[in-house]
């Protein structure tokens, strides 16, 4: 699937709608293993994205992706800001609209910024299987949901959740959940 | 030499006068190797001591010493507060007015509170030789001045001055200087 | 056993700021502070420390401080206190945060100490 | 070479408090802060970090932070900055204090780093 400017904006509209709808749930996920603000952070960031895109003209998918990155970087306020921001910056640098290029580039950005690898109970645990599946042409909503769910039994070794050690087991990682929304709304704009 | 209530109060009057006169100098000593407040700390503390003693009746030297301790503990604000405070508390516990008992007790209090030993460029470097000399009946103003001066070439390994490491060499330790005033005014009330 | 946290700093802003940071992740842990001197001066006050001990609703307290002279005042206050107070020579902000996050999820004192001892720097 | 110090914290009070603590012992060292979010929120803002870089009169900067997400924002700001910025994974309050005290007496960066690396905890 390949994004154009219109589809990219549609993607963000859908993601924004999902974030605003799930804002409370995301912050709830962040409460037992974090500081309970992930939903608010993402909602604030996506509002800024919406404002930055709304009614504007863009020459390329890359331009849209860069604008998204900048809004997230400056407005999210939590770890998710630099992480999603770097993901979108790296996507923008591919100069491609093909999700086979975009998702692996986003993953690389998150891994670098968060210094994280798979199995640390972070959003990497959703981006990594998604990047592998998209390369093989096998990315589905089901696979995304499963990766999100798998973070439940992991012990966090990165981010705030790592402070509670073993007690992080048994809770879905909030950043993985929001990444799931992001990737599923991306799949949907291609349908 | 043995203190009585009157002499103890006279000692504090003299020490207070000296501290107020040398307030600027003590803070100046504390500037290159500390935070520049030792004179102000001691001046504030000794004002509180003066107020606590002024016009009051005391039954024993121990009572006076305990009152001094409490004022210093609560009013000095810097490291010198708990250090001098503990010194006076320990002196008070000896139930003696004999400076052969008092100075070693004060030293023990400072060593315990500051977890310091000789040679670390702290007030211990004045109290320790004074305690030894007083036991041998050989405590003089000259000996006190010399101990103060010896702190100049030491490298601090305790207190704020320890943060600047080698750069602490070449400056007299402010707490040693104020301890010098304290012990010299003590000798003077016995003359 | 209910544990509380006490933050002692030479500057009131630091003490209050650390409290804000850890309140976020430990809503049910009692956190009290002793920062600075009267008239917003820089230093530590044994009376403020004693008040922080008293106002804390924890039965046993974990105390964190910034610089050595705060430690001396803390030790004096501990000697005078009825409550059991544990004093840590660990990174102020980071160990208070770690302890708070762990106490919030009912971690045992032993396990909390295992974690924060890795932050020992004083 | 003139060095400056930048303090990044999730809470504005912590950043300002550390600045007050170190100003005491380092009157001639430029110290700037980036604490919290707009409307006194808890978090870190890349824009505030960039402003702290710009307003610092040091030619090279030493940056200290509280928690991991502050580090990520710091790293982004460093990538976008013209100034050379050194980032330390050390105890926030204690290492900023140590660095300030040493820079005030013109210690070389190498020697400052030797000291603060002993406070590495992140």
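Here are a few things to note about the model shown:
A, B, C and D label the chains in the order they appear, each numbered from 1.
Here, a residue touches a chain if its C-beta (ideal position, glycine included) is under 8 Å from a C-beta of that chain, and two chains touch if they have at least 3 such contacts.
Which chain is which protein? Per UniProt: A, B, C, D = phosphoenolpyruvate--glycerone phosphotransferase.
Predicted model only: the values in this text are computed from it and were never measured.
Counting contacting C-beta pairs between every two chains, the top pair is C-D.
Annotation: 37 Å between the Cα-based centres of chain B and chain D. Distance between chain centres (mean CA atoms), chain B to chain C: 29 Å.
In this assembly, the C-alpha centroid of chain C lies 23 Å from the C-alpha centroid of chain D. Annotation for chain D: residues touching 2 or more other chains are 24, 42, 67, 97. Among all residues of chain B, those that touch two or more other chains are 35, 37, 160.
An unclassified topology is adopted by the chain contact network, corresponding to no line, ring, star or complete arrangement.
The set of touching chain pairs reads A-C, A-D, B-C, B-D, C-D, using the touch definition from the header.
If you check the complex, the residues on chain C that touch chain A are 24-25, 97-98, 101-102, 104-105, 107, 115.
Contacts from chain D toward chain A in the complex involve residues 37, 41-47, 67-69, 72-73, 75-76.
Interface residues of chain A, counted against chain C in their complex, comprise 32, 34-37, 160, 163-165, 167. Interface residues of chain B facing chain C in the complex, by the touch rule stated above, are 35, 37, 41, 73-74, 77-79, 81-83, 85-86, 113-114, 158-160. Residue ranges of chain D in contact with chain C, taken from their complex: 9-18, 20-21, 24, 35, 42, 66-67, 91-94, 97, 118-119, 121-122.
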